[in-house]
Amino acid sequence: MSADMKPIIKLGVPKGSLEEATINLFERAGWKIRKHTRNYFPDINDPDITASLCRVQEIGGYIEAGVLDVGITGLDWLTESNHDGNVVHVSDLVYSKTSNRPCRWVLAVAGDAPYRTAADLAGKRIATELEGMTRRYFENAGVKVDVFYSWGATEAKVVEGLADAIVEVTETGTTIRAHGLRIIDEVMISYPVLIANKEAWADPRKRAKIEQLDLLLQGALRAENLVALKMNAPSDNLAAILEMLPSLNSPTVSPLRDEKWLSVESVVQIDVVRDLIPRLREAGAEGIIEFALNKVI
Amino acid sequence: MSADMKPIIKLGVPKGSLEEATINLFERAGWKIRKHTRNYFPDINDPDITASLCRVQEIGGYIEAGVLDVGITGLDWLTESNHDGNVVHVSDLVYSKTSNRPCRWVLAVAGDAPYRTAADLAGKRIATELEGMTRRYFENAGVKVDVFYSWGATEAKVVEGLADAIVEVTETGTTIRAHGLRIIDEVMISYPVLIANKEAWADPRKRAKIEQLDLLLQGALRAENLVALKMNAPSDNLAAILEMLPSLNSPTVSPLRDEKWLSVESVVQIDVVRDLIPRLREAGAEGIIEFALNKVI
Amino acid sequence: MSADMKPIIKLGVPKGSLEEATINLFERAGWKIRKHTRNYFPDINDPDITASLCRVQEIGGYIEAGVLDVGITGLDWLTESNHDGNVVHVSDLVYSKTSNRPCRWVLAVAGDAPYRTAADLAGKRIATELEGMTRRYFENAGVKVDVFYSWGATEAKVVEGLADAIVEVTETGTTIRAHGLRIIDEVMISYPVLIANKEAWADPRKRAKIEQLDLLLQGALRAENLVALKMNAPSDNLAAILEMLPSLNSPTVSPLRDEKWLSVESVVQIDVVRDLIPRLREAGAEGIIEFALNKVI
Amino acid sequence: MSADMKPIIKLGVPKGSLEEATINLFERAGWKIRKHTRNYFPDINDPDITASLCRVQEIGGYIEAGVLDVGITGLDWLTESNHDGNVVHVSDLVYSKTSNRPCRWVLAVAGDAPYRTAADLAGKRIATELEGMTRRYFENAGVKVDVFYSWGATEAKVVEGLADAIVEVTETGTTIRAHGLRIIDEVMISYPVLIANKEAWADPRKRAKIEQLDLLLQGALRAENLVALKMNAPSDNLAAILEMLPSLNSPTVSPLRDEKWLSVESVVQIDVVRDLIPRLREAGAEGIIEFALNKVI
Amino acid sequence: MSADMKPIIKLGVPKGSLEEATINLFERAGWKIRKHTRNYFPDINDPDITASLCRVQEIGGYIEAGVLDVGITGLDWLTESNHDGNVVHVSDLVYSKTSNRPCRWVLAVAGDAPYRTAADLAGKRIATELEGMTRRYFENAGVKVDVFYSWGATEAKVVEGLADAIVEVTETGTTIRAHGLRIIDEVMISYPVLIANKEAWADPRKRAKIEQLDLLLQGALRAENLVALKMNAPSDNLAAILEMLPSLNSPTVSPLRDEKWLSVESVVQIDVVRDLIPRLREAGAEGIIEFALNKVI
Amino acid sequence: MSADMKPIIKLGVPKGSLEEATINLFERAGWKIRKHTRNYFPDINDPDITASLCRVQEIGGYIEAGVLDVGITGLDWLTESNHDGNVVHVSDLVYSKTSNRPCRWVLAVAGDAPYRTAADLAGKRIATELEGMTRRYFENAGVKVDVFYSWGATEAKVVEGLADAIVEVTETGTTIRAHGLRIIDEVMISYPVLIANKEAWADPRKRAKIEQLDLLLQGALRAENLVALKMNAPSDNLAAILEMLPSLNSPTVSPLRDEKWLSVESVVQIDVVRDLIPRLREAGAEGIIEFALNKVI
């Protein structure tokens, strides 16, 4: 590559449970990623980026090795694989397959088992997909246990009597409870993180591109929980209406031809709208409309 | 529950053919309902509500008995089950699985049968899922028939010779006609209704919550058939342009920096737009854009 | 039909690979087309139109014969079937199943075959679904080959040794390459076209309806690649900000109550936004939001 | 129909959960039933029979009314609908969707509920799809309860707190237990039954056809649990080998050219074979083969 | 290939509607054909054969050209494509996707159309996938019509008013009738045929292999409609029992140790068994068993 | 458990790719295993056995630890996990998901890579699911490489440039080649093995049950490749016919009533039949039938 050519950024996109949510997030951020049935390099509509779909467990290693420049992985696997010290942790991107909450790795036992704390498990068999983190957790607690690797369907191992406890990931605890298990501790909180290779981060042109990715991904993520509200407000009650609107983004107030009214537009949290609208109506607001947003920067 | 705690509203959400449309409607109204694979209580992102998924035929009974406080059911099943006098009919919510039209329960016979009116069916066999309503219909008509309950696939019973006529629900008549049947009367018009338990309605705090649900569900339903149109209008032809815009919601007119133009924004019916846009262009409007709305209050 | 009745326009909608994209395009343009499982006439929410779903290969013939008045077909099949001279080519609608790019009919051979140009294929067997166009292509090139009709899975024929080369359609070349084939020439560029029957076009009332269809379909198509950007701009740096915004649609600038700021709204290309937003922020813009559009006229 | 024409038998085949098992049983019995996608009369390869697919709940009523001559329904629905006294109960056909065991209607409560017997449920709410039978069960027990009809997903009603107990069908109890419920009584044993219209049974020619159906269906059902075993047995140990073989069907012994050996063939229960084979080998049997059977009469 | 090497036979297997039935037939005949997801050459467990999956319309051409040695195609497409004179028609294999009946190409019109014979269609539009055969049919009848090629969903064209009649394939007429069409003539009877390349047939070693294929495919096809019946017959009524058994394959009678009985085994038509078994039982036969056959030669 | 109670055998059944084939094999061997949707212990129709579905990678560990008594795992995972010395290797069961061939773990590189042998890969990155075995393979070869664990889709890693070579399992090599890879060495041959816990094997009653499982599984496996052939042979050519039949299982010859003929029955390999039948016919055999077998002991 000659000195004045723009560098190509190699981007790792997580395959599997985060895949669809990640591709949707990039689309709202401004990049269309299109997969091919028989090909492992998805298209991305930016000549400065090439994308690879990789297992979330492997992305940290590829970025450390420089095979990729930047990517999204989970904080859990980054920690487990010991790559976290050797890559740049650019930012947190708190989203998931079904919600925008972080997930939790928890310690769980059979609902009717006598164990109440990690200490009660001394000498027992613990199944998990996150062996390293689980071993460190019990070492820190000073409890000696037999940790073994589980190839999926981890909850079932307690039901089947193959393990005494598990360390497993969950968003809401539903699957854990559906197997009749009981959570006795939280081992780790995890969520997607944007990470970069150290050399790529040190190269100013690559870093600028990575920061652009970060800015727009964050803007798209923020917009998921926000909507735009627009209304006509009576001039003589404007102050009361403005006070109701959240202070996060200051509302835009513009004059109308009819001077008794003003147009007010604001960006508000989705789950606040349902309580806000009845109060705005009482304060005299009319013609209230709500619409969805792609990005909020 | 102590006197100053907020009451929890128990909400019934119809399972089955209306389920997806109802969950989408709540989402636009501001409530996310998330189902779990192995659990009968869906999550709802409002600490003041617990939701249950129930068969549409059963919701009326649960609300009458106070097992639920508020819910959505069909007018047809509400009437059939005789719960309509014992619950509060809060409002109508005219939507369906595929459109926003009410559905109809019709009396249909084989395409080549000699029957033209209900009276022609005296002594014949009538299959239906709505036995009570069908019996009342024929009693009112003074016609004696043999009504029997049909466990689904009702149209086929005429084709197979197992029934002489049916009373069946239809939106567009397509399935009826596809079986070679002919509609000879309309027995009932039906659509979803929001109903509440009488005691819940009498409790001011519960009623306020139910009215909030109603206000926002109506706002979301209204928005489905509306879009926002925005354009730059020449100041000297503003009156003509304003006259074209439907009077439903009065348009918002705001000044622009360039005083020869004004910004005009209006909310209009989706199926009017296609005729309106060519006329607005002729009247000098420029930069016309259209965007979708979540709610219109 | 009496002279003062509005004529009904018979519209042909392509079935198969373009079907879903076409129905979505009509929806954004303002017409809802709803298919029935057991019926070949989809509903359309316009009393002046009846719609038929037809194979894209057949629409040209039906429009020439006057069985349909207007429809969407592919330029490839229009040319292949020799209907192009006998219908009115109203406009081009460049969209496809997965993108908004035209597709290409290419001449391809096995990756390791010695052929470099069409001339190298003299005396060889060519499989294609577009026999006429392929014959004309080789006649124009003065090369004698054995063209035969392929019933689908055309790429596989070279792999199986049943053909020496193929002429096949592709958007990105991915499927061609996945079969190990190499493209050696481009035979034709194709995309959907809106065509009309000559007599229908000559009837002023039918023509007005066809032109309305064209205007709104074009508006919806344009909106797919555009978004609305809205921001608060500091009055003293407005000029710099306006200069950044693409000149395509001139931005709308409106005063705010706080005179140090102005509201700026513009319609910009989706793939420009990601580079534009960082620069707008540097120039002092605040509260930048982006939202999607249904139509841009 | 003239006196010497063979009568046509109208046969009801249960639609839904028993459908596939029933069609397979008829195939092994000698009748191929072939369904059509758009037609309610399946083909059957016997000119003396016309078949209809009907809901299992409705077959009893059609046979009583003479709309059908013969059919397969469940003992449960036959009893529930009060048709059992008005039709001929030809024979029992003990098979099901997944096994050849009868199913059971059981009374079940929440796993942690205090109820131990039906009597403990006085004044409680009981959900079921078999209202009549459930009412009779509690009347016989002298217990007053509130029975209400359940539109499916009955187990969930206890979990959701909508019912205190249920009466529901089960084969193995798995689904009941998977919902955390506990069975406290068995209300009824059910299985498919072959029933006939009384007049059809009184007509000697129709009855002969119905008895032929019965003979061959029973033969096919019996064969499902049997296999043929064939072996060469040493002449001098024949008695010991014959003694091991079940006496149900006496084994066929035939001479071989080599007079030291005899060929022995027997029909045995599938679940006995695995214990029988090791013992036959010890007794000197050789060349043991096992094969499946369509019918055993 | 040196003179003493065994030649490899290239076999064409029809892809699409006959594919599964053909692979099953080959399996019973003794050849396992296994498809690969990403490969067009299925495996076949015979080192002397290589198999290709091809469209049934194309197999005739490939065999004429010598690209394939032998294959299965339909008599209809063989005739349509004019390859029938240039290949060896080895034998007929009457099977289909769902039954073992030949299919029919029929001339059909709208149920309420006035046309009763081909002659009534003079000057009308005829849609079909078999253009050549349809043209010859009308030429032979001396009727001038406008035949055009239909790209599938041919029945719908009459319903949509795009054609006045169709020539379409059907097994039972069900789909034709489900579209409300009426059959007015039968244009051709068709079924699969085994065809061979002329030079392959002239090569004695290739011909031997093709004849082996034919022998075993015919044996497997025959076995589909046959079952083996085996019973113990009383010696003193043997003649009566043997007389009942079809003469097609003479029954095998073998002595038993108990001289009062004989073992009788016979191969009989599946649809005769149900009438035969009751009569055999009346004649004293015992221990009747029936089992399925892979091949009958 | 009292001394005279029969012990219960705990059986491990492999979940995933071998699951369906294993359940089918057990069914032919005489045990029906029925899975439950919401439960991890499948039913098995033998009161002396309880079955668990486990990942094939984990079964070795459970049997070594005595959590299970007997089970089926793959030779590959048994070796990889170092359990092979600590369990009893009862027998080999050569079957797979799609065939009855062993599978192979192979070393593969990009089709156009320069590597010809393991030695060429010194210093390169090797992806595999079988890390231990791959490390030992390269150590034995004296080649230093960087082996890393692959979470599935291993072939794609070479295509994407994430690995230089892979060690991956394959039956036919099809998937390897479909990714454009080239096999350069075979690392291991693998197939299912029946293994037992050492203490269970030392207990005579448990061992007897394990040997019964082995005998019948082997019998069912053998039957998959065999069929029964039965024919009438002319007495005067019997010797020639018997000579043609494979010597594996000596044919059963029995007298017929007609002394000019003898009945001959033999068990032969499926893939020999197609060549055998034409020769048997030439030797005078008649009424040849073939039927399938469940078990051959």
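Going by the order they are written in, the chains are A, B, C, D, E and F; count residues from 1 in each one.
Operating definition for what follows: a contact is a pair of C-beta atoms (placed from the backbone, for glycine too) under 8 Å apart; a residue touches a chain by one contact, two chains touch by 3 or more.
Please read these numbers as outputs of a predicted model, since none were measured by experiment.
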Repeat of the C-E interface, chosen from D-F, B-C or A-F (over half of contact pairs identical by residue number): A-F
A-F or D-E, whichever has more C-beta pairs in contact: D-E
Inter-centroid spacing, chain C versus chain A (mean Cα positions, whole Å): 36
Distance between chain centroids, defined by C-alpha means - chain B, chain D (Å): 44
Touching two or more other chains - residue numbers and ranges from chain C: 38, 254-255, 291-292
Footprint of chain D on chain B - complex, ascending: 15, 40-41, 52, 54-55, 57-58, 61-62, 67, 148, 150-153, 156, 159-162
Chain D residues within the chain F interface of the complex: 98-99, 172, 174-175, 178, 227, 232, 254-258, 263, 270-271, 273-275, 277-278, 281, 287-292
Residues of chain D defined as touching chain E within the complex: 29-31, 34, 36-39, 43, 45-46, 212, 215-216, 219, 223, 228, 249-250, 252-255, 262, 267, 291-297
